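One chain, chain A, appears in both complexes that follow, with chain B as partner in the first and chain C in the second.
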Partner chain A sequence: MTNNWVDISNSDLVFVMGGNPAENHPCGFKWAIKAREKRGAKIICIDPRFNRTAAVADIFAQIRPGSDIALLGGLINYVLQNEKYQKEYVKIHTTAPFIVREDFGFKDGLFTGYDPKTKSYDKTTWDYEFDPATGYPKMDPTLKHPRCVLNILKKHYSRYTPEVVSKITGIPKEKFLQIAEGVAKCGAPNKNMTILYALGWTHHSYGTQLIRTACILQLLLGNIGVAGGGINALRGHSNVQGMTDLAGQNKNLPTYIKPPKPEEQTLQQHLKNRTPRKLHPTSMNYWANYPKFFISFLKCMWGEHARPENDFAYDYLYKPEGGYNSWDKFIDDMYKGKIEGMVTVALNFVNNTPNAKKTVRALKNLKWMVVMDPFMIETAQFWKAEGVNPSDIKTEVLVLPTATFLEKEGSMTNSARWIKWKYKAIDPPGEAKDEFWIFGRFFMKLKELYEKEGGAFPEPILHLTWPYQNPYYPTAEEILTEINGYYTRDVDGHKKGERVKLFTALRDDGSTACGGWLYSGVYPPEGNLAKRTDLHDPLGLGTYPNYAWNWPANRRVLYNRASADAKGRPWDPERPLLRWDPEKGRWVGDTPDTAATAPPEKEIGAFIMLPEGRGRLFAAKSYATFKDGPLPEHYEPYESPVENVLHPKVPHNPVAKVYKSDIDLLGTPDKFPYVATTYRLTEHYHFWTKHIYGTSHLAPVMFIEIPEELAKEKGIQNGDMVRVSTARASIKAIALVTKRIKPLQVAGKTVYTVGIPIHWGFEGLVKGAIANFITPNVWDPNSRTPEFKGFLANIEKVRA
Partner chain B sequence: MSTLTTGGTVGLGVRRLSATKEPDTSIKSYPELAILVDISACIGCKACEAACQQWHDLTPPIMTPEEVVRRKIAGYQSHPDLRPDLFMLMRFNEVETSKGFAWLITKYQCMHCREPGCLIACPAPGAVIQYQNGVVDFDHSKCIGCKMCLVGCPFDVPRYDTNNKPWKCNFCIDRVEAGLEPACVKTCPTNCLTFGLKEDMVEKGKKIVEGLKKRGYENATLYDPPGVNGTGYIYVLPHGDHVKDYNLPENPSVDASIGLWKGPLKTIGSIALWGALIGAFLQLILWGPIKVLGGKEEKREEG
Partner chain C sequence: MDISRRGFLKLSAGSLGAGLVGGLGFDLTQAHARVRELKIAKAKVTKSICPYCSVSCGILAYSLSDGAMNVKDRIIHIEGNPDDPINRGTLCPKGATLRDFVNAPDRLTKPLYRPAGSSEWKEISWDEAIEKFARWVKDTRDRTFVHKDRAGRIVNRCDSIIWAVGSPLGNEEGWLMVKIGIALGLSARETQATI
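Here is the complex of A and B:
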């Protein structure tokens, strides 16, 4: 989230798409209801099904799964063509005036630089035109230059007319225009729209680009950085934000520090590659501090063994080809027998992964597997899965029962980046232990073995800093100390071991250690700020500066400098998130997302993390771009019932990661004519709640939602058992025949959508099919997120 | 009888009891309570359902796929119906309205009628209680298991356990008595449930209805049916022209025949009953037993 949960109530328009907050975030959704009470806000809900959010929305539009970029592109086009964007904001706070290289282009679904052999782009042309005199990109503040970013956008999205949008999405043109009108009104400086999204946007082979599209729209409308605005990812688990921040997924190092690449053999090479240079003379370019964060991280890892002479133990970090493993690659490697053993924590591989049939067969190739979970999950019992013979499986499975969130102390980071402390309520039952206990022993045993037996490269383990009072049982606050950062020696009046106040104290000389710079400040010398519960609200905007702690720097709304104009006056005086106080000589309001005492005349860019200092409308190669293009483009899901209206020859994201082992199959509409999508229900918490009576009985039976018209065509009655099959597998469940999914007219074709809730499996109090046995093994090239939303299926009644 | 020791509800004023002369109502200071259900803000998350079961320690059996297939009841509803061990249910209904398609989600439980059909119909003295605050409750120690309360209920509510004792929402009277809100209200994440004085709830409900009308729901209405003299649960219905589709009766009232219970019919009924018994006895003595020919007949007792 750029903003926060409470801030949704400051909105004029709650735009819900790619998420179903009433269903999946009912407690957070109250702020949308509040916005309606407080500000007369409208709620727009766009979803493949008339869902629980739609039940209380003002406008609902049913969209075909996988056509979201077309709709958002259409909104961008509408806003640009009708000049509804917030002009002043766009001029000073976005990269609209930057000029793009002449040789950049887009044709027939491909950006310049595509190599069909490697299925990847040479991104050289995706960049600005630089002024050789200054070394900075050229700009045209009048926005007249045909190649300024704004005009590039205009041209790119001019194809997304209301007619085309309707043809791709299935949303009637009139409905689209009704939505567009409501959205475009929020281009006024005193009208703000918030966008709420979740996995309905990320679960595509172009999920990252989809969210980019929404960012572009919000930047054009001047809705980023303002109260009641922003682009707000609703995270599914109470602490999944914390998991992402601290690199639980292993794609980054903690708090988005980039893992080194094989070609970065020395620390200097890595720092040079990763420290961006300014692209605008007045930008703050905060990532210029990268060396401080990176070296402090190395110091946190290897303490006294990380010294300037040995590049701060940079060599201890592994630098694999193709980046750190993401789970898609991991499963594929397992399937190919390249992996011997696995420790899995807080993840139910069998239920979670696409084409789970492959996952089950991949687990079979392991010699051993350790599963840590509070429940006996399917992964630990994968030999019971359909289609495998237990007697063929030699994998030794060790199950370590763990404590649930209530049975251990620690912090949780919510969607709004609030780090909140959680106290232990009760002891875990039986022999279950918390992860501190398990990992403490795990590490100490590993170390012991390395000490005894040596090994190929024992130093990273033997030299690892393990500063806990009881090395076999670290405490949560000891770990928080490391994450927050501390001084490693007496320096400038600070004592060795003293916790740093904020990441601004971090140094690149080895005098500070910090496990995750973005979290630095949560545990300053005065105490653990995650424990705060003060509900003081000085701005009346629900910023609660003394409640828990908000990364970064206790900032409640990111990019809040953009909520004010060039002179530092709030765009909307009613919602003054931040303003320049000339008398005090500082910015007042939320923790300023700019230099606190730099007057507006200094024109420090509002987007301090970006080298342009401005919100990026075009993802230029200078600094960072995406694997699939500098601008979002509509591609069809890898399994689509229709051709790509915009460019039939390049229907799909050309650089998506598609696995092609013997078991990774893709279907075609002739055999699998219906569009299927997966989702969760409010009664469930992922795959957990089926182990608990109190929640199991609220929605116990697995169903498949089928449009009434399709049911009639197929002779299916509500309550019939049906089989849903895809190119990969088939599952059985009970038909829920509904009016809430209507047939759509897409590119002159009637398209039916069927809905498949995930939750069930073969373990727990209630049992049902594992939906992910039928989902495709296709992944977003940037985020490595699977395409769960929008694949092809067939459906038939199971005759008794 | 003492109004302070009824059914373990010490401290609650009783307004009236079933089959009993009106108790003393000289204490007038009890406020009337209500829960406002704002359906325009209800997302059907069933948190109220879960909270209700937790507070009342209810463990209804989990619905099985076999049952759903057999009864063809696939849907979002968690159980086929209310049960003696399930006091409330969320019900879901898909409807085409003048405002387009709507998914109507309604909280279903005892409505705590101010003119409670169950209480009026009950022949067992003190088995149904209405407190001064309007809440309707059962005292199982006095219940005779005749099921008349269901007959009297215009909302089809109480359900019977194997001992024929009726069960339903009791407005968490134990919580209310202790100054807490009912469990469902406490847990509602969108605040679509509000608990308070009836007059305040009516006022709040009217305001929401006004707002809905401004938002284009010109048929929006506040459901507080006069036929039962108002209810303890009142509903904001955005589609006021679809009361039935919310699974609510349009004009609920207590059946007049049940209303006569305490009046002349009771005397007539007693005479008729004794007459019938005497007649039957005489018949048995004079002519012997009658042979039953047909099947059984549904009977609605009135006396």
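Here is the complex of A and C:
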């Protein structure tokens, strides 16, 4: 989230799409209702199902799964054609005036530079035109140049007319225009729209671009950085934000620094590649500090063994081959027998992954597996899955019983980047242990083995900083100290071991260590700020600056500099998130997302992390772009019932990750005529709550939601057992015949959608089919997130 | 219920006046109306956060025991924390049944091991479990570690251990796991966030 939960109540329009917060984030969604009470805000809900968010919305539109970019592109087109964008904001806070290269283009579904052989793009043309005299991109502040970003956008989205939008999404034109009108009103400086989304947007083969479409719309409307605005990912799990920040994914090192590439053989090469160059003379370009963050991380890992002479132990870091070794890649490697072992903690590998039949077969190829969980989960018992003979499975499996949240202390990071502390209430049952204990013991044992026996490149293990009073049982605050960062020697009046106050104290000379620079400041010398409980709200906007701690720098709304105009005055004086105070000579309000004492005349860009200093409407290669284009484009899901109206010859994202082994099958609408989409219920959390008495009673039975028109056609009654089959597999469940999903008219064809909740499996108090046995193995090329929303299925009644 | 000295005197005087009350043969003090004390009044309150979605509702967990070392605290009640600015005391159906999560009867309580080809679990000790875990990781890492790639570049990584970190883990234990994964040079580290 750029903003925060309570801030939703400052909104004029709550735009919910690709998420269902009334059911999946109920206690956060109350702030949308509050916005209605407090400000008369409207709620728009766009979803494939008339869900409980829709039930309280002012406008609901039923959309065909997978057609979201078409709708958002249509909104961008409407806003641009009718000049409803916030002109001043767009001029000073976005890249609209930047001029794009002459050879950049887009035709028939492809951007310039596509190579059909490698199914990838040469991105050279996706860039700005540079002024050789200054070295910066050329700009046209009048926004008249035909190749300025604003006009490139206008041209690109001019194809997304209300008629085309309706044809692709199934939303009637009148309904679309009603939505567009409401949205366009929020281009006024004192009208703010918030966008709330969740996995309904990420689970596509173009999910990253989908979210970018929303960002572009919000930038045009001047809604980024303002109270009641922003683009707000409603994340699903309690600490999914924290584990993303702290680099659960191998593509990052903690808090978005990067593991080196094989071609970066020296520290200098890596730092040179990763430290961006300014693309505008007044941009702050905060990533210029990359070397400080990176070297402080190396110091945190290897302490005194990370010295300037050895490039701060740079060689101890892994250099992954071919980029991101993500779920799709290592499941495929495992399927091909290239992986020996797996350690998985608080995560249900089998139930989580698409085309789970492939996952189960892949797990058979492991020599060993270690599963840690409070419950016996399907993954640990994959050798008991249907159709599997245990004696054929040679995998050795360990299950280690773990503590739940109340049985250990520590912090979690919520969707709004608030790091909140939780205390330990009780001990875990029986011999169950928390992960501090388990990983403390594991590491000490591993180190002992390497000390005794030697082994492959033991240095990074033997030299790993392990600064815990009881090395067998690290504590949460000892680890938070490492994450926050500390001085490694006496320097400038700071003592060795003293915790740094904020990431601004970090250095690239080895005098500081820090395990996650964005979290630096959570545990300064004065104490653990995640524990704070002060309810003081000085702006009256629900920022609560002294409640818990918000990364980065306790900033409650990201890009808040953009909430004020060129002179530093809030666009909306009634919601003064940040303003320049000439008397004090500083910005006042939220923690400023700019240099605190730099007056507005200095024109420091509001988007300090970007080398342009401005919100990016066009993802130019000079800094970073995407695998599938500098602008979002509508593509059909890999399994779609209709052709792509915009470019029938390039129907799908041409660079999506698609696997084609004997088991990675895709279906066609002749055999699988219905669109299927997965979703979650308010009573359940993934695959844990089926182990729990209360929630299992509330929602005991796996079901398939079927439109009543389709049910009638198929002779299916409410409560009948049905089989849903896809090219991959089939599952059985009870039919829930519904009025909540209507047939849609899409490009002259009637399209039915069926809904599949995901929460069951063969373990727990209540049992049911694992939905992911039927989902396709197709992935977004950027995020490597699977396409769970919008695939093809057939459905039939099972005769008893 | 205690009777104050003053009350006792009043009662005695009344008894004398009525001449009967004192001779009823039972103690009237027991008949006074009495509000039953709430079970949670004696409980320990712990502030925590709901482990499900990332709204991060503040909760208050009430646990009970007499504090003796052979008596384990038990969670008897969980409610929303009214002083948390985000949920202001509310909880959803999942949050409202959190007590059942912690007290679930099918919680795992012992390390379990399944040998190759077996159809049964067998209970093992933590020492054995940690020994196996470390041995497996070391042997696979040593066997498959790539010091240099085909082009002769130093890459120092191991591609053949998947290291999957769940998102209900707290920042600290999650970071500890990431730290060890990076030290081992594991390239196949992933988390729930991606899927």
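In this text, the second predicted complex is superposed on the first by the 799 of 800 C-alpha atoms of A that agree within 3 Å, B and C clash if a C-alpha of one lies under 4 Å from a C-alpha of the other, contacts with A are read in each partner's own complex, and residues count from 1 in each chain.
Keep in mind that, in the parts below, a contact is a pair of C-beta atoms (placed from the backbone, for glycine too) under 8 Å apart; a residue touches a chain by one contact, two chains touch by 3 or more.
Just so you know, these numbers come straight off a predicted model, no measurement behind them.
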item: Chain B versus chain C as contact partner of A:T53, first or second or both or neither; value: first
item: Chain B versus chain C as contact partner of A:Q249, first or second or both or neither; value: second
item: First (chain B), second (chain C), both or neither touched by A:P26; value: both
item: Chain B versus chain C as contact partner of A:A735, first or second or both or neither; value: first
item: Which superposed partner A:F349 touches (first chain B, second chain C, both, neither); value: second
item: Contacts of A:E263 with chain B and chain C, given as first, second, both or neither; value: second
item: Touched partner set for A:L765, first chain B, second chain C, both or neither; value: both
item: Touched partner set for A:L698, first chain B, second chain C, both or neither; value: both
item: Partner chain in contact with A:G236 - chain B first, chain C second, else both or neither; value: second
item: Greater residue coverage of chain A in the superposed arrangement, chain B or chain C; value: C
item: Contact residues common to both interfaces of chain A (with chain B and with chain C); value: 26-27, 30, 682-683, 693-695, 698, 765
item: Chain B contact footprint on chain A (complex, rising order); value: 22-23, 26-27, 29-30, 33, 50, 52-56, 58, 60, 682-683, 693-703, 717-721, 734-740, 765-766, 768
item: Residue ranges of chain C in contact with chain A within the complex; value: 44, 46-58, 61, 63, 72-75, 80, 83, 85-87, 90-97, 99-102, 104, 106-119, 121, 126, 129-138, 140-145, 147, 149, 151, 153-180, 182-195
item: Complex interface listing, chain B residues touching chain A; value: 40-47, 49-50, 53-54, 59-65, 68-69, 71-76, 78-79, 94, 96, 101-103, 105, 189-192, 215
